[in-house]
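I have placed the structure first, in the form of structure tokens, so that the comments after it can refer back to it.
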């Protein structure tokens, strides 16, 4: 199962070239993570209030096309791994298809986050409730990221 | 040759866990790129005014340790490739060594940027003047990123 | 008539004290302005593509209460003036009422933006179509900001 | 006495019109506050670690001219009040004088911050050591903000 959400490119995402400045994509990806955690019933602010966080340890990103102010983005999240403490996250950001039939894929990213206690950041096993909520989003096909 | 610059972790870089929120590292890396381009005599705002930019197409990042508000960071940049239009950039962010003798390395990132005309983003060959200014920072040892 | 929209406080809005870092409120206010311009049929990216912008020249803000990660915010916009080129904008950000019966009002802001040509920023008269779309949101009661 | 610091307009401060997006000025003002607190020997991260913060309660800003990528800014801070718990802060941001002899003043802001315990934000009296470090920066002339 794939989690999907829509976002609009905001003025503040864009740089003097009129396109999304690349660090802003990571704010958008983190918003997708927040939306996802809300959706599966484990809001990030509740996790944090309970003494846990999901810091990122590894991130690979390909920037495949430009996004501009006002663009409607479709953002997807699938999990590539649900380990003892770590979770692999595969994100795609799609814009509108180009008029010349080009791909809509703008950004592809693969991150690894680690379920950790706050504030020291020591990894701890993912609790069963959260694990069960994550598992439906685990990709069953071979990872392509 | 390695380009080195110092930055302090600012309040606005930090999240509710009191550590740098990871997208903020990319603002810091981009500031290093700006400082580097200033240093070699090709300020980014002059490049852009002249109709060129250096958008990023690929980025791999490892987050190896936490950075906190007030930390003094030493940031380095070396080039791993100076191609026809693309440049490989290897960044390291070091904090202070831990009291228990741990490594000071907090973030390691490898990005590829492409010299391109603005606003359409079509790659164009790096002009000789810029190329000659970049070459002293090309790593001669095998890339380890 | 009052324009109203809902936003959630995001992780990236919050600082090491766990509350919204104040400059982030201005990103939220600008998002409200974007939502409003979309709603009345004059999206900001279309205005800009057409050579106009609405830079801010004056801003007064009172910060009346703290907003935390996960809070649901209700944000309102009313206009206090629709002049030849300038528009007065009165914003309120409400959180949830406190358990002790306190006010829900967290931020009150009054900004003045000027309809201007891009890129030189010279004020120009607001076109009639936009003016007519703005007027229903003009406060008729005495300005209290 | 006036506290003065220099900053360069960064790529990430700028919007699709090529000028500083106004919320970014508040990040710059907060950096000036951090630089000032470092300078007088009370770094903000040390205050926070000690259970105190200086949240802002009121802010008035005039945006008087545009700042562009690469501009060198001179930023000044003077205090307009050092009360029991509150401090009035008068900021100015100057760019380079225009070629036509115009003023260099780009932004003028007046903020009020309140010395408060963290995390509940209750105002507490400014400790004597900090008060004594602040007083040399109190404007003796009539406030003009």
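Here the chain labels run A, B, C and D in written order, and each chain numbers its own residues starting at 1.
Here is the rule we use: a contact is a pair of C-beta atoms (placed from the backbone, for glycine too) under 8 Å apart; a residue touches a chain by one contact, two chains touch by 3 or more.
A quick note: this is a predicted structure, and the numbers were derived from the prediction, not measured.
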{"item": "Remotest chain, chain A as reference, centres from CA atoms", "value": "D"}
{"item": "Self-contact between copies chain C and chain D, residue sets same or different by half", "value": "same"}
{"item": "A-D compared against B-D, more contacting pairs", "value": "B-D"}
{"item": "Whole-Å gap between the CA centroids of chain B and chain D", "value": "28"}
{"item": "Cα-centroid distance, chain C relative to chain D, in whole angstrom", "value": "23"}
{"item": "Where chain A and chain D are represented by their mean Cα positions, the distance between them in whole Å", "value": "35"}
{"item": "Multi-chain contact residues (two or more partners), chain B", "value": "11-12, 16-18, 23, 27, 30, 48, 69"}
{"item": "Chain B-touching residues of chain D, taken from the complex the two chains share", "value": "10-12, 27, 30-31, 34, 43-46, 48, 68-70"}
{"item": "List of chain A residues in touch with chain D within their complex", "value": "11-12, 14-18, 21, 23, 69"}
{"item": "Complex interface listing, chain D residues touching chain C", "value": "16-19, 22-24, 26-27, 30, 48, 53, 55-64, 66, 118-119, 121"}
